[in-house]
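Presented sequentially are two complexes of chain A, the first with chain B as partner and the second with chain C.
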Partner chain A sequence: MGEIERRATSALEEQQRVWEYSTAPESTEIVRLQDRYGLFLGGRFVEPKSGRYFVTINPATEEPLAEVAEAGEEDVDLAARTAREAWEEHWRDLPGKERAKYLYRIARALQERSREFAVLETMNNGKPIKESRDVDVPLAAAHFFYYAGWADKLEYAFPGRIPRPLGVAAQITPWNFPLLMCAWKLAPALATGNTAILKPASTTPLTALLLAEVIEQAELPPGVVNVIPGPGGRTGGWLAAHADIAKIAFTGSTEIGKVLRRNVAGTGKRLTLELGGKAANIVFEDAALDQAIEGIINGIFFNQGEVCCAGSRLFVQESVFEPLVDKLKARLDTLRVGDPLDKNTDVGAINSRDQLDKIEELVQSGIEEGAEIYQPECSLPERGFWFRPTLFTNVAQSHRIAREEIFGPVLSILTFRTPQEAVEKANNTEYGLSAGIWTEKGSRILWMADRMKAGVIWANTFNRFDPASPFGGYKESGFGREGGRHGLEPYLDLDGGNGA
Partner chain B sequence: MSGGAGAQGASEREGASVAPATSGRLPVRRTAKLFIAGEFPRSESGRSYEVFSHDGRLLAWAARASRKDLRDAVRAARAAQPGWAGRTAYNRGQILYRVAELMEGRRVQFEAELADAGAPDPARGVEAAIDRWVWYAGWADKIGQVLGGTNPVAGPYFNFTIPEPTGVVGIVAPPDQALLGLVSRLAPAIVSGNTAVVLASEPSPLPAVSLSEVLATSDVPPGVVNLLTGLTDELVPWLAGHMDVSAIDVTGVPEDLLPQVEELAAENVKRVHRGPAVDPFSAVAQSPYEITALMEMKTVWHPMGA
Partner chain C sequence: MSKAAEIERNAPGLALHAPREASRLVARVASVDAVGLEERAASLGRRSIKRGSKLWALDLAIRAMDLTTLEGVDTTGRVVSLCAKAVRPDPTDPTIPPVAAVCVYPQLVPVALGQVEGTTVKVASVAGSFPAGLGPLEARLAEIRTVVEQGAHEVDIVLNRSLFLGGRYAACFEELAAAREAAGDAHMKVILEVGELGSYDRIRQASVLAMAAGADFIKTSTGKIGSSATLPAALCMMEAARDFFRETGRRVGIKVAGGIRASKQAVQYLVLVYETLGPEWMTPERFRIGASSLLNDVLMQINKERTGRYQGPDYFTID
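And then the complex of A and B:
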């Protein structure tokens, strides 16, 4: 008996001790970086007519990774004409079942080369390898696989309509999920018979260029997919303005989304916008608190909080505020921040100096406006862009940290008393991308889900994604959906019908 | 010239009277007013404009809505929206059907107004407009089933997508299809639970005014439809720029105004929808996609487990 008691005691002591982890770095050997990457145009890599290259770095080390061609105005024009020609000559009239097979090839190649993509993604973005390996890359492959299956079944997707492709789609992707966003954009565009020009974010072009290599190896007809890196303001602007573009799909900030909206006003171009968010994650007193803690942590620290649907506003029912915040702080202390290539890392590097500055500025405003900050005592690497997991209590609805998208690992905690109050506070934002609800009461989940003005509602879970599940926002979080049957619609002309 | 009598200017203003004046009786003219929050105010600005028939007869003075009237209309629409969306789909369907019922009883009046507006076949226009209400009424409790659904995600989650109304919809009615054009935009907007602020055809607002009188007596709750008459060039930018309008149907916006409308719509990321460029009488002019164009798709996840 005595021995068992001793064991129990020592197990408790063991639990309370801060665990030391050995490093477990993923090897970068699998990635064969080139010194210089060209534009992927007309089915091959070419030198840019602009003659310009920019350096892309690893945000965890600030070391340069490669030089990447910057698409100038002439390059954009060439890409648009190439994609238009490819649409007319190779892609528009290709039977859906053949388009499908190309997409299946891409999906398979992504699976075959998944480790390489994951490591490269982590090197260029700064996200933990466990996320790029377990989320970004498998989901990207799944998106191609899912939409491949739609390519020859479009007549079943929209009852009473005869769907037709639009032409060339300009696809402008963000830096937070570089490869996954390429998949979200390319897979439905190609499945519906459009050709594409992909403009990856300027800080994270490398996995898009590796995807171009996969597309080349899959032997897609030349010009069906073109990849032209460059700065959003210039390259993205020229691309959106080009007369040969029929459709623009943009994922990025609300600010830039509005600029884009204004720029294409009156052109008749189809547009979908997936913009910012300030999601409410709402915890009721009857929630399974330990599960909720994991959901809150995942909701705001997944991908360093650089997620448009991040659960950045936590609403806690007053009666459980103290125990929940205590648990949350304890959990925060266990997060491992550091080398993104380490398989144990929970929170990696912030993607860029600019983004880090933005996070620091907003966090400073939180302190100045009177919120209480909590950050764990963790050591940060000397080089690279880092920000400690952070939470704020004593936050008012009017604080900037409760209103503006921070796009970093920063959680603002507010309270509520009644479900009605939770709804009112949660919806009190211009954004409407996602929301979380934590309660064990089924009727309350449905009642809350019905009232949340947000495109994706996670009940007793958070940050789940699937190619079959539509994703997109209400209000200033944008319009249009990506994923599922609904994700086909932005790429199709449905005006032709067979008499509904 | 209805009424038929006299060379006096006054008799020329009788316009589309419901019944021809019997000799010796002076017809009672209708004042064409705005329709806001279930009431029929004049423009707070006191302004009006002349409405002429296609052959140049003065039919009426229509209210020339001001920016303040438009704001009042948006406020009424916003206030009415949760209640309207909160009704059961079955109930909304019945109310839209009721609109058709009451229009049927006013066919003669609508036909006369369309004839004054110069419609080539007024009877057909009215019939098609009534039938359009009936067609959309039936969609109220079917749209979610046909265009929503469950999503087979790769994990232990129950995942479903439902279409929801987007909120307050601004509608610029096509100027040349004073009744059918308007109904083709309005019915799909409100059947899902949106509320609407409608700008009637500027040259031919009278069928829209009559429609508002039908709506007022059809169990459509006050504020669900708010109808303004006035000058398109003046009202459209105010509507497009209003921060509490969630979406705008620009089917009736003149080409030259469209860039400005879309620019103004950017500020609150308004949804901008243009109906299909097809003959409004054709079968493809009515479509469930006209309903979903003014809806949001909401996706809900929940874990499955014992």
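And then the complex of A and C:
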């Protein structure tokens, strides 16, 4: 069994004796949490017919934040019928430019209330405030702006076809980017003339409910957007099965994606799935090394590694392995792990006890299967769910930590000798969502990109998103694209009613 | 003396890197990805440094400052005045430390020395046909020797960009090595003039060349051309110094100069040094800021941190 390589004191702690950054907490005053949130249905907040509420917590402190309504089967039925009526009476026949105005309104409100959204997202998810402030919220607003622009130009998106909306879209979103995933789902659905029922993840419903407030503020016709929190297995299941649903969009685990696919077969419902990944981040010896280090760090520690497109398998060209790993370990030692609300925090809390358990189990398997673990010895808060940034060397393709998605701040490092070998090993997975290539040689970037089976390939960068750029995977990472012109297609009938 | 200590104390450069190796040395230098570098610099520049940690940084910013005047109209009176400010930046506050050094033209070195005698403030002189660096080589070396003989503690020279950008690395290295010798025991800073080099790759190459030739410090700019120090350029130099330390055991200092007028910028550079090079560089021995008007802004910020209020500019002497 391997031993965890520890240092007597971490570099960070030694540093802090010289210059300790004072705490820089973002104030939570801007968030006015309610004790209890209802369902957002038919344009207003209502009590659930189920009568049930669940508690949602702050994973960094384990403190309860609020009680949230749990949508039961009756609530789901009501939501579906309401969304269907709203579609038929208030939304389907609205001219595109009118739909655009609502989307612009939502985008503007998101910008105006951006600090509120960022703080709430950090409180409910555990991600560092600098990420929710600088990435999640701006990108969410950008998606609404972008799709607002398409709402009145759909006939140009698909020349020669007459695009028609599908009806009611059931949208099931994950807990890793709660608000952003709502934006990715709602913006194209509304732009194309569909109505929507959003079922946010059960550990992170709050920003979806705040978004519902914005939608109420924007005076969207009632029932066009509905937000019904609840556990995936029940609320999500009833929703996906409902007869009034024309289309399902799901982002989450491959396991559930498969369940949905099976259940949807034969129903005539359209489906898109954005599932897991085990992205290869490939560094050649001629890469700009110091910047590649930043890219690797960003690839696996951004959002605590709880990212479907995380660069979780690092492939290093063997000739540059030692200097790269030395630099990587030194860089890991400088990561600031702690209070997500502190503006200087780099790595926040893991979203839930369940997820933490999964990470711990897989990391243990790595040790048992013979990989060599490295973790900086930074101190972690007493309460909350935390995992230190971790890297494994001596990893083989057959190790569980190289095959299974960990969804945490754990990097598996493998080596390769030639570009061919890198491509082969990178593609040797059932996933195919994203990949990174680090080299100063342009021709090599093109050669690799041509051969890699990944929906998104980043060259000399990582985790770059833009609403104009389609995002989605190959193989068991799912199908369908979100973003760009491609992102409109899943929400439209282009075949004159024959589409399946 | 241990090997490492020996290298640390007085390595005039790597014995390996004789002039004919200079081209190979330059070719070996790692590439720099501009997008990634700029992102990292911007991200570090967004650190939130407040309260106690801000006061600590501002205090170091003063202790690491090279108070500079490099104008054709620098009279004795001007330099006397500058030195007074250098030694006692705030006459009403004894807790404010003196700056690291004053930086002047060769003709004013004796004046400056007279003024700072008995204090901890050093005298740095530019030398070597500053700022273009293209006078006859012998004259440049003689200028360095002269200021050192007069007692200047530190010499700031410029990289010969004409040779460097012309690809004449051996000649460029030779000049730097000759300057190193001419400077003797004085502390030598090599100004790369990052605004003229054209790319971060070149900045990194120039950094390596200067460090290999024995520079004690590498410095961003002369302050005499339009462009000045930038966070990414400084970060590039710091990354080069980090690798140089790993390879040779010698810690080369970083000086940022040109366009640094606000405390906020000074703190950003300090964060860059801290998170790239570590605590061993957080000292005037290894980090300097070349500036003039910055000092009063730092004093104002310290005052504000301590009292909660901004004092008007009339309460801070202009020297």
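One rule holds in what follows: the second predicted complex is superposed on the first by the 477 of 500 C-alpha atoms of A that agree within 3 Å, B and C clash if a C-alpha of one lies under 4 Å from a C-alpha of the other, contacts with A are read in each partner's own complex, and residues count from 1 in each chain.
Please note the rule applied: contacts are C-beta pairs under 8 Å (C-beta built on N, C-alpha and C of every residue); 3 or more make two chains touch, one makes a residue touch a chain.
A quick note: this is a predicted structure, and the numbers were derived from the prediction, not measured.
Judged by the touch definition given at the top, the superposed model places A:L414 against neither chain B nor chain C. When the two complexes are overlaid on their common chain A, residue A:Y21 makes contact with chain C while staying clear of chain B. Of the two partner chains placed by the overlay, only chain C lies in contact with A:L289; chain B stays clear of it.
Using the contact criterion defined above for the overlaid structures, shared-chain residue A:A459 touches chain B, although it does not reach chain C.
When the two structures are aligned on the shared chain, A:A265 is found in touch with chain B, with no touch to chain C.
Within the superposed three-chain model, A:I197 lies out of touch with both chain B and chain C [touch as defined at top]. Across the superposed pair, chain B and chain C both touch chain A at residues 460-461. On the side of chain A, the complex with chain B involves touching residues 142, 158-161, 254, 257-259, 261-262, 264-266, 273, 275, 430, 445, 449, 452, 454-461, 464, 466, 468-472, 474-479, 481, 484-486, 494-497, 499-500.
Taken together, the chain A residues at the contact with chain C in this complex read 11, 14-15, 17-22, 24, 130, 286-292, 294-295, 326, 334, 343-344, 440, 460-461.
Across the interface of their complex, chain A is touched by residues 146, 149, 151-155, 157, 159, 161, 166, 246, 258-263, 265-269, 271, 276-278, 283-284, 286-289, 296-303 of chain B. Chain contact summary for the complex, chain C toward chain A: residues 30-33, 35-37, 39-40, 46-54, 56-57, 239, 246, 274-275, 278-279, 282.
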